[in-house]
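We just call them A, B, C and D in the order they show up, numbering each chain from 1.
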C-alpha cells in the first residue's frame, strides 16, 4: 500500500475526507432541491460563527467528549460498550438525586458530589454487563444494548411514578435548587466577556477537558491503563503477564460507565436543571462515532467531539432556520464518519499517487 | 393462559420475529464472510423507505420490493467498498451508514411526498396481503394442531414464508454448497481461501450483496407487510436486536430462527400485560413490561449461552502486504 | 410576525403538532400574513429557539407541548415586550398565555362512542409513553366507556419507554392486534406516529379505531370510528389572530368552548348512528353545563375507571 | 569427484522444473527480494536457507502467486508462466505448504482439502471423491490423517500432512515447503523426509525452506543461500558443509555448537512433587510430576509436543492452576490461582519465556519498550510515583537490553510485529534473563529462529546457568536439548518417562522414551532413572503391535 508522509496522514487525510463528505452532502442537498450554499452558511454561522454559536457547539461537544472517552476506555480493553446511552441516563439519575437531596448553598459543593453520584450510577449500570461478560461470557455488545432499553424503562418509571412532583405534567424531576446550578461560560469572569449571551456551555467543559487528560494518563501512563491495553490486544498474553481478565474487564467497564455517567453533569445539572426522560438524547451513540473517529485517543476524541458538536449544532441551525429537514444533519454526520473513519484508506491511496514511495534497502 | 391466547401470542410472535429473522440471516452471511455489519438497521430502514415510496408511486408491492432490495443492496455495496476494497474499519462504516440511512430516508420521503418524511399509506396491491395456506380452512377444525396451522402459520404476507424458507435454504447453502464452504472459510481464514486460488474480495462482495438482499426483504416487510408505508425511524432498533440474535444464535441458521422466534415471543408477550398479570399474579408496571424482552434476553444470555465465538477473521480487513 | 415552535415530534406527526401547523396555515390563508416556524430537535434548543425568536422580534411566540413550560418560565421574564403562548402547560408570567385542554372530556366522549359501537363489550386504549398526559387521555376514555357500559372492559397498553415509543407504528399495530385478540373491537390510539400503526392494523383487522388530536377519520374511511379532537389548531389560530395583543393568563379549552370534541365527517358518517351521536351529545351538554364532571387524572394522579 | 560427475549428469539430463529470473519485490520501503534468479531441476529436492527476514518466504510466495513480483520472470517446466494468483500457480502444478499453515481451523480435513478444488456447486460429490483420493494418497505417501477430523484438534504434524495433501490433491508436481520442520518432533520430521523422498521418487520437485543445516545436508540435492533479499549462492549439497553454509548465510563464522563448561550444581532451587494439571475440559494433562532442579544447572525436558510440557511451564509460570507441591527456594508456591498469578511468580523469582511468543510472550501491537515491561509493569523501577509509570525509564532500560541482546533494528519504539521472529525472541529473552531469576522457564527458545540467533540465544542461556541460576528448558528439538542440558527429563502423556544426565543420553534412547517406551536402548543410558510406566507402556504396545 502507498506510504505517505506522516504530516499528510495527520493533516491532509482528514481534511480531504471532510471535503469529500461535504461534497456528497452538497449533492444530497441539491438532489432534494435545496441550496447547499445556504445550508453551509447557516451551518457555519450557526455553529462557529459567533461566540453564541460556540456556546452551543461546545455544550454538545462536552457531552460527546464524555461518551467518546467512555467508548475509548472500554475499547482499549477490547470491550465494545454500546451502553453509553443508558449509562449516561442513569448517571443523570445519580446527579438528580444528589442535586435534589440537599439545598445546595453553592455549585462548587454540589458539583463534586454530583460528579461522584453521576459516575457511580453510570458505573453501576455498566457493572452488570461487565460482570456477565467477565464471568459468564455473555457478549457485552448485546448486554449493553439491552441495558440501554432497560435503563430507559427504569428512568421513565421513576420519573412518572416516583420523582415527578405532584401535579406536574412533564415526566421530569423537580427543578434543582439554584445552588446546584452550574455557571455557564457566560457566567464566568473573563469568559463572560467572550460569551456575552446566555448559552448552555458550562463549567462541565473544563471537567471534560480534564477527563480527556486523565484518560490519556490512565491509558498510557498508569499500570491499569497498561493492563487494559494489553488485555485488549491479547487475552492469553495478559494472563501470561499476570493480568487478571476479570479485574481488567470490570475496571475498564466501570471506568467507561463512570465517564458516560459523568456526561450528565453537563446536560442534567448544567443545562436543564432537572432530570428529563431520554436526557442523553443520543449522545451515547454519537460517542461511539466520536471514539472511532478519534482513533480511540483522547486528543482524537477531543477533536472529533468538537467536530460533532459543530455538526450537531450547525445541523440544528439548518433544521431551525432553513426549509431543509433537520435529518440532513444525520446524513452529514454519517458521511463524515464514513469518509473520515472508514474510507480513510481510499484517501490515502489517492494521496499515495502524489507521494511516490522511496525504496530503501533492507537493513 | 388459554389456548386461543397462546395462538394469538404465537401469531404475533411470527410477525414480530420475521423482520428480525431476515435481518439476522442477513447479518449471518456478512459476518460468516468476515465482514462485521452493525449497519443492518440502516439497510432495513433504507429498504423500508424505498419499498414504501415505490409501492406508493407504482401501486405494486413487488416493484416496491425490488426497489427496497435495491436500496439495501446499494448501502451494502457502500459498506463493501469501504470495508473490502478500501479495508476500512467495518464498525465505523456500519455506524456511519446507519446515520446516513436514518437521515436520508426522511430526506427522500419528504422531498418526494412532503408528508413529514412519511410515505403515503399503501393499500390493496401495494401491500403484501395475507396468504391463506392450503387447507387452512379445512384443517382449522382439527383439535390443537388445526388452529395452530390455520391461525398461527397461515394468513401472513408472502415475506413471512420467504423468511421461514430462508432458514433451511441458508443452512443448505452454507453447509452443502461450494459457495457456502468458501464463505465459511473466508470468514475463518481468508488466507486459506486466497492460497486455494479463490478471490477473497469477490466472495466477500457476494456475501455483502446477499446481506443487502435479505435486509431489503426485512425492510420491505416492515413497510408493506406489517405496516402500510414508511415512517421515520420505523425500524426502531430492530437491526440491533437482530445482531443480538445473531450472536445469540452463534452465527448458525437454525439457531437464528430459534433466537429470533424467542425474541419475537418475548416482544409479543410484553404486549399482553393481562397474560403476564395472570401468570405472575400481580400488576407489572408498564415500563417493566417494556423492558421485559430485554431483561429476559440478558437472563437467557447469562444463563444459557456460553461464550459465542464469532468467525475468526471477522472485523479484520484482509491485508496481504503490511 | 407571529412564530410557532413545534415540539420534538415534528409538524407532520399527523396529530398534535400537525394540528398546530394546520391552525397556523389557516391563519396564513385567511389573513395572508406570514409566520416563522421551528421544529425542535433537542432539549437544549428549546431555550435557544425561544430567545432567538423573541430577539428577532417575533410576536407572539407560540409553542406546542408541555416540555416548553420549564424553559419558558426562565425565558419569558427576559422579554417583557414579547407575548408567548404555550399549549398544554401553565406558565405563570405576565406575558404568557397558557392554553390547556381538557383532554379527559374529549376522551370521555370518544370513550362513550367506543362503548356504544362495541359489540363485544371490550374496547382498547393504546398510549405512546406512560406519562401523565397520556394517562389523562386514557382515564377520561375509560370513564366514558364505563358510563355507557359499566361492565365493559378497557384494555390498556402503552407503547414504550424510549422516544421511539411515539414512532413505532409496527409495535402499535401489534398492540392493536393483541387487543383485538382480547376482544377489543374499538381501539383509541393516543400515541403520535405509533397511532398510525394502530389505525392501520384496526382497519386491516376489520375493527374500529379512534384517532386523536387532529381529525384522523380520513386515514381509513369507514374504519375510523371518530377522532378525539384537540383543537390545538384553534388555539394557534387564535393566538396568531390576537397577535401582539395576546391576552395573558390561563385559557382552558374544554368542551364548553369547543377546545375538545369528537370528529364527525363523511368518512365516519356510516359508523355513527344518530342514536349514538345523540347519546354522546347529551353527555357533552351535561359536561358543558357542569352537570357532569369528568375526573381529571392530573388532579390527583388517580383514575376511578382504570388502574395505571 | 563423484559428486561432480553426478552433478554434471544432472545439469545436462534433468530439465528445469522452476526457473526464476530477476525477481524483485518490495513491501513499501522494504526490499524483500532483489533481482533473484534460481533454477531447480525436475525431480530434485532443493533447499533454501537464510536468516530471518532474508526473503525466503516472500520469494516462494511469489512463485505461488500469493504476492505479485514487482519485476522478473517465472518459467515453469521451461515455459514462461505468469502467476497472478494462486489459482494460476495451482494450474501450473505448484503446491505450497506455508510457514504458517493456511488451514481453516474449524473445518474438517476433507473440507480443507477440497476448498477451492471442488468439482461442482454441490459439496457432497466433491467430498466423496476427495475421501477416495485421500485414501489413495495416504497409502501412496504415508500421509494418514482422519478425513473427518477437525483441524484444530490435530497436532501440528498432522496439520502439515493436511497441507501436503491439499497440494497433492491439486496434482502438484512442484511442492514448496516453508520451514516445515520448525514445529515437528524428530519422529515427525523423519516421517516428513520419508514422504519427501517418496515424492522425489515419483518425479516430483520439492523446494524446502529451513533453518536447520542438518536437514539441508540430510535431504536436499542442491541448496540456495539467501541474505538480505539477495541470493548469495547456490551449491550442490554434496559439495558443501554446514559450516560453509552457515557462513554464507550470516556473513561470518558461526559456532554451531555452543561450548559449555561442566555444570556446578548448587542447592536445590525447585522441588516439584505430584504436580497435576487439568485442562478446561477436565482432562488431566499433567499426571503427577516429581522433579527437582538445582542452581547452576539446565534441566531439559524432551518430548513430543502436547505431552504436558506446555502445561508444566504454564502451571509453574502461574498461568494455569494445578494441584500438588511446588517448592521454590524453600517457599511453597500457591497453585490454586487464588493468591498467585504470573505477577507473584515473577516476584518469587521465576522468569518465563513462553513457547508461543506471538500469543503469550508479547503483545504484537505494543512497542518494543512496552513489551520489555510486559509482566514487569509493576516493577518499582518502572514507576514514577504511586500512580504513574515511568515510561522514560522503561525506554532507557529497553535501549540497554536491545544493545546487549543485539536486537535488530535496535529501535525501542518499533512495534513488536515489525521485528522478525528471531528478534522478537531476543526481546523476550532479554526481558526475562536480565531479571536474573532464580529459575528460568524457557519453552522452544529457538523455534523458527535462524542459526546466527540460535547461537546467541544458547550462549545467553548457558551464561545464566553459569551465574548459578536454574533453568528449565522445554524443546522439541532433540539437538537443542542434548547440547544445552545438564540433565534431561523426558515427558510422555503427562508423565515423566525418565530422567538422567545429559552425557549418557542417546538420541535413540530419548526417542524411545518420548514415544512412551522403555527397553534396551533406554537402559543403556547410564545414570538414568527410567519410570516404571515406560515399561508398562512397552508391554501394552507390544501386545497391540
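Keep this in mind: a residue touches a chain if its C-beta (ideal position, glycine included) is under 8 Å from a C-beta of that chain, and two chains touch if they have at least 3 such contacts.
By chain, UniProt protein names: A, B = ABC transporter permease; D = ABC transporter ATP-binding protein.
This structure is a prediction, so every number in the text was calculated from the model and none was measured.
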Label of the chain whose CA centroid is most distant from the centroid of subunit D: C
Which of A-B and B-C has more C-beta pairs touching across its chains: A-B
Subunit A (ABC transporter permease) and subunit B (ABC transporter permease): spacing of chain centres that average the CA atoms, whole Å: 29
Separation of mean Cα positions, subunit C and subunit B (ABC transporter permease) [Å, integer]: 35
Mean-CA-position distance for subunit D and subunit A (ABC transporter permease) (Å): 47
Geometric centre distance via CA averages, subunit D-subunit C, whole Å: 76
Multi-chain contact residues (two or more partners), subunit B (ABC transporter permease): 117, 232, 237, 286-287, 290-291, 321
Where subunit C touches two or more other chains, by residue: 130, 161-162
Residues within subunit A (ABC transporter permease) bordering two or more other chains: 1, 149, 153, 156-157, 329
Pairs of chains in contact (touch as defined earlier), listed by label: A-B, A-C, A-D, B-C, B-D
In the complex with subunit A (ABC transporter permease), residue positions of subunit D that touch it: 26, 28-32, 53, 55, 228-229, 317-319, 341-346, 352, 354, 356, 359-366, 370, 373-375, 377-378, 383, 387-389, 391, 408-409
Of subunit D, residues touching subunit B (ABC transporter permease) in the complex: 27-28, 64-67, 85-90, 96, 98, 102-107, 111-112, 114-118, 120-124, 126, 166
Complex interface listing, subunit A (ABC transporter permease) residues touching subunit D: 1, 3, 217, 220-223, 226-227, 229-230, 233-234, 236-237, 239-244, 357-363
Contact footprint of subunit C on subunit B (ABC transporter permease) as seen in their complex: 4-5, 8-9, 11-12, 15-16, 19, 115-118, 121, 222, 226-228, 231-234, 236-237, 267-268, 271-274, 283, 286-287, 290-291
Complex interface listing, subunit A (ABC transporter permease) residues touching subunit C: 56, 59-60, 149, 152-153, 155-157, 160, 164, 166-172, 175, 197-198, 200, 267, 271-274, 276-279, 281, 316, 319-321, 326, 329
